[in-house]
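The two complexes that follow have chain A in common; it is paired with chain B in the first and with chain C in the second.
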Partner chain A sequence: MFKAILYKEWLKIRWVVLGSILAVLGFLVYIGLNVRQYFEMNDPINVWIFFVQQKVLYYSILKYIPVFIAIILAVVQFVPEMVKKRYRLTFHLPFSETKSLFIMSFIGMGHILLVSVILLLGLTIIGSIYFPVELTASSLVSVLPWLLAGFASYLTTSAVVLDPSWKYRVLFVLFLTPFIQSLFLEQGYYEYKYSIVFFFLISLLFGIIILFPGYRLRKGSVK
Partner chain B sequence: MENVIECVNLTHSYGNKLIYKDLNFSVQKGKIFGILGKNGMGKTTTINILMGFLRPTGGNCYVLGEESHNLAPKTRAKIGLLFEGHVCYEFMTVAQIEKFYSQFFPNWRKDLYFGLIDRLGVTYDHKISNMSCGQRSQVALGLIMAQDPELMILDDYSMGLDAGYRMLFIDYLIDYVRENNKTVFMTSHIIQDLEQIIDDAIIMGRQKIILQMPIKEFLGSFHQYHFSVDGRLPDLDFDDTVANWESLKNHYTVYSFKSEKDVKNYMSNKSVSIQDFHETSMNLEHAFIGLTGKY
Partner chain C sequence: MNAKLSRYSIIILITISLSILLPNLYWMIFDKPLRTPQISYSPIIKDFVYSQTNDNNRDEKTYRDNQGNSYDRKSYEALLPFSFYYNLDKWGILPDSIDGIPVNISYIRRNSQFVRIRSVYFHTPMIQLNPLFESQSDFTRLEMPNELFRISDKLEFLNARSNSVVDSLSELYNQAMTEQEFQFPAKYIAGNPTTRKAFDEGYFIIDATNTVFHLKQIKGKPYCVRTNIPTDLNIRYITVQENSRREFYAIMVTLENDLYLISYDDYKLIRLPIDDFIADEMDLMFYIDPIYRTFKYYSDKELKCIVTDHDYNVIDTYQTSWTPKTEWVSSKIAASIFPFQAERENARTDYILFNLKFSGWLALIGIFLALGITIFVKVRIHGENLKENWFDLLIVAVTGLYGALAVLLIRPEPWD
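So, the complex of A and B:
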């Protein structure tokens, strides 16, 4: 049954999965070419001043990419369930509805994890070509909040799409978006070095959000 | 005989708006049961409660022995649901949707599904969203039949179907249900079609059940009498004799469960001269309108 749910989700999200991987690879290639151009057009000292002392993150173009992909993914995955109240088909399957919801969201988060790994690997490769290890390591730490924002945005969007009540949809947005915004406050490298664990722990709580709209859908919000 | 569905003192309201109160009905195993009622009488509410997507505000509703809003997954496997509008995963193709559902049901009857699909003349890679409403209805029916459920709950199967597809749907349904001794709980806004399908029915009125009986018994015992009067008859009360009545100028129609003789006697007691008293036969749709009224 797990395989069946995986199959259904794959049919819904396959183009987003493919498109987002290609897009992320494209951005990484762009960043790599951009950094090479800086080194070729400028003295190394100026490059250092630009990227390190002026705190211009050479990968800043990636900042909102995980969030963007996460929102599209959640919409593509859950809007078809809500149109014509198709969630009733899923909830009537001889399978625990809680497990179904968790599997569906794990599949979505699995893709965001894949995108995150590709981004981290790409930045590691680019960093190892052009920068010292310290700067590469700091770039990976600096990008973690953006990736975390991707997971949180995915779960928030899923909950907003799935909830049958506009009141709860608004509440989800009001309470959860400030947390996501707080993951974009950095001004340079390493700024979330100590707080990222704290943000990660809060993000884990987002994992159960999807159960609330799921419960309301199952137990009597149909009119 | 074993009851597959049993609702006891079923009550539901949306906020302060009471839909119905203390409904009691049961559906026996192997029967095709229809729920008839005009718009807004609570048919969809009842269907949603039986499907487990709505928790009633009062009373209990048992489906295959379990509370309908708390069905175990293995019980859900024994219930086939057809949603209004033949809702299905339209982003899938004919073959993909079969592959998906077949993994959930141990007694999956692939032959029934593809037998029905083959009749449509569509290829297996045909996307369901590109199908007509009629074709989609066959896909939805095929999936339920392949599931091999004990109970089928069909919510307005006729919605959006032309006469041909309605007939096709009914033909397949009757054949499958009779051959496999299935229980069906169904509703449709085309009451005429239900006459040839259903064994028992409940007719819902405002906040209550007006009638529950086998459909043949209803059609055999419910009469439509016409007559004319000189002048004007005072408004008739609804009572044991007059289930409903209507008039156009001095022509009257009375609907009643009583015999012609009883109704004639009843009218003669109204001290009016009655002419041309006669009975006309009714089909289910006429009888339904006769009982519930046109408005």
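So, the complex of A and C:
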């Protein structure tokens, strides 16, 4: 049964998985070339000084990439289930809805984790070529809120798509985004140093939000 | 059970989001700028004068002195020749001498200095990689070197073109510092890593034993001095000021909120006569003019101004206060509507926060109201059984309006 779900998920998301990995690699290459050009066109020391003192994030183009990938992934994973309420067929299987929903979202989060790891590796490589370890380390820490936002938006989008009523969909989008938006306030490096732990702990709650819409789907709630 | 838990996790997340969203919207409507008076000390009438935006007409300013006399703008600026000397000169009324000191524009400029220490300077992330300038170059302008230095368990120069440590240079400086008994690692490094300054005084570095060292480069050679600045001061902040008056290298702030100047006279400390300064909550401005030293420091509820002579003996002080934002009627109303407000950004820090600011007893008003409404809607309109979802009421009892909105909008299902 587990294998079957895995295969079904793969069929739905394979193009997004491939596409998003290519896109992320593309953005990393872009950042690498962009940084390389800074060093070619300017005195290298001034480039360092600029990034250290002005706190400009040379990787800020990545800011919304995880969220963007997460939303598309959740949509391709859950929209097909909602067409003609196909997902309700799952409820006839000898397999609890909690389990199958968790497996589905674990698969999605697995991909977001993969994307995050690729991003972090890419930034490590770019940093180790051009920057002192202090700046590279700051880049790895400063993208964490954006990655966290990726996971949170994936789980939120899944819940939004899965819920049977439009009223709840609108409410979820409207009232869960202020928290996710809080992860994009960064202007310079290390700004989430003292708060990232709190944001992470609160984000753990996103882990189970999908079960309620799933339950409503099974019960055929229309409220 | 799982679905029930899931609903609560949604409700808690919505509650948190609302505690960000609703106070934000509220303050978007009700926030007002603080219009604090601009205080100065007039060397002409030997008293404090101030300008302030009119409360009734915000396009107008009033100018007064401490005795209550009011002035028009020109006669006000005439009281402050050390601030408005260009204007006074243009009008031909810049005095030739003040207190027997001959005055002209270049004299005023040469004998003036301004330093600002803002609370946000203590709460800002900063990567400690700095350039060490040649401070006695053959050329007029300061030039950016090719390396930045870091101080970990030793001092290392990093070349930006090769992104690698320059061993020979690092060795030279390590040796100079070890000769002065510098104990690695450094606790604090202060300097002005910019070429946009008149000259270079290098860096003040606090070592592992709290000793303050002065490091700079002279003719390509390290110049490292172990200063006699006491090691028990709990220095929190140093701002190096390369000013051509060359009275002091830097200003220091300690954990006890004492301020010191590090003078050019063998690093002798001059304690500034500033009481009740709170570095985390106040911004400080330090003006030096040909006759006086003026310190202005203010929080969100009060302003103090101290005027001293050359030797930092207090001549006069001024103090004023105003209703802080927390005491505004709109703050009281906010406190009774919102049991807490999530604060993410704050003018006194560059860090992103997640502070839940609780509103105190006033919040009980909103909480009881929210509970009443919740119970009414649940029983009368939704026709729910309160016992079945008693936890909803507990959430409202803690989070007031936010929780009420969340539990009423995301309604409980008929659970399995």
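Just so we're on the same page, the second predicted complex is superposed on the first by the 220 of 223 C-alpha atoms of A that agree within 3 Å, B and C clash if a C-alpha of one lies under 4 Å from a C-alpha of the other, contacts with A are read in each partner's own complex, and residues count from 1 in each chain.
As a convention for this text, contacts are C-beta pairs under 8 Å (C-beta built on N, C-alpha and C of every residue); 3 or more make two chains touch, one makes a residue touch a chain.
Since this is a predicted model, take the numbers as computed values, not measurements.
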Superposed partners chain B and chain C on chain A - clash or fit: fit
Greater chain A contact set [chain C / chain B]: C
Contacts of A:Tyr168 with chain B and chain C, given as first, second, both or neither: second
First (chain B), second (chain C), both or neither touched by A:Gly26: neither
Touching partner for A:Leu205 - first (chain B), second (chain C), both, neither: second
From chain A, separation angle of chain B and chain C (C-alpha centres, steps of 10 degrees): 140
Partner chain in contact with A:Gly110 - chain B first, chain C second, else both or neither: neither
Which of chain B and chain C A:Ser195 touches, first, second, both or neither: second
Which of chain B and chain C A:Val52 touches, first, second, both or neither: second
Least Cα gap, in Å, left between chain B and chain C after the two complexes are fitted on chain A: 8
Touching both chain C and chain B, counted on chain A across the two superposed complexes: 219, 223
Interfacial residue positions of chain B with respect to chain A in the complex: 14, 48, 51-55, 69, 73-74, 76-77, 79, 81, 83, 85, 87-92, 96, 99-101, 103-105
Sites on chain A touched by chain C in the complex: 43-49, 52-53, 55, 98, 129-132, 134-135, 138, 159, 168, 171-172, 175-179, 182, 185-195, 198-199, 202, 205-212, 214-216, 219, 221, 223
List of chain C residues in touch with chain A within their complex: 2-3, 5-7, 9-10, 12-14, 16-18, 20-21, 125, 127-129, 131, 144-148, 150, 158, 160-161, 163, 193-194, 344-345, 350-354, 406, 409-411, 413-414
Footprint of chain B on chain A - complex, ascending: 1, 3-4, 7-8, 11-12, 80, 84-86, 88-89, 91-96, 218-220, 222-223
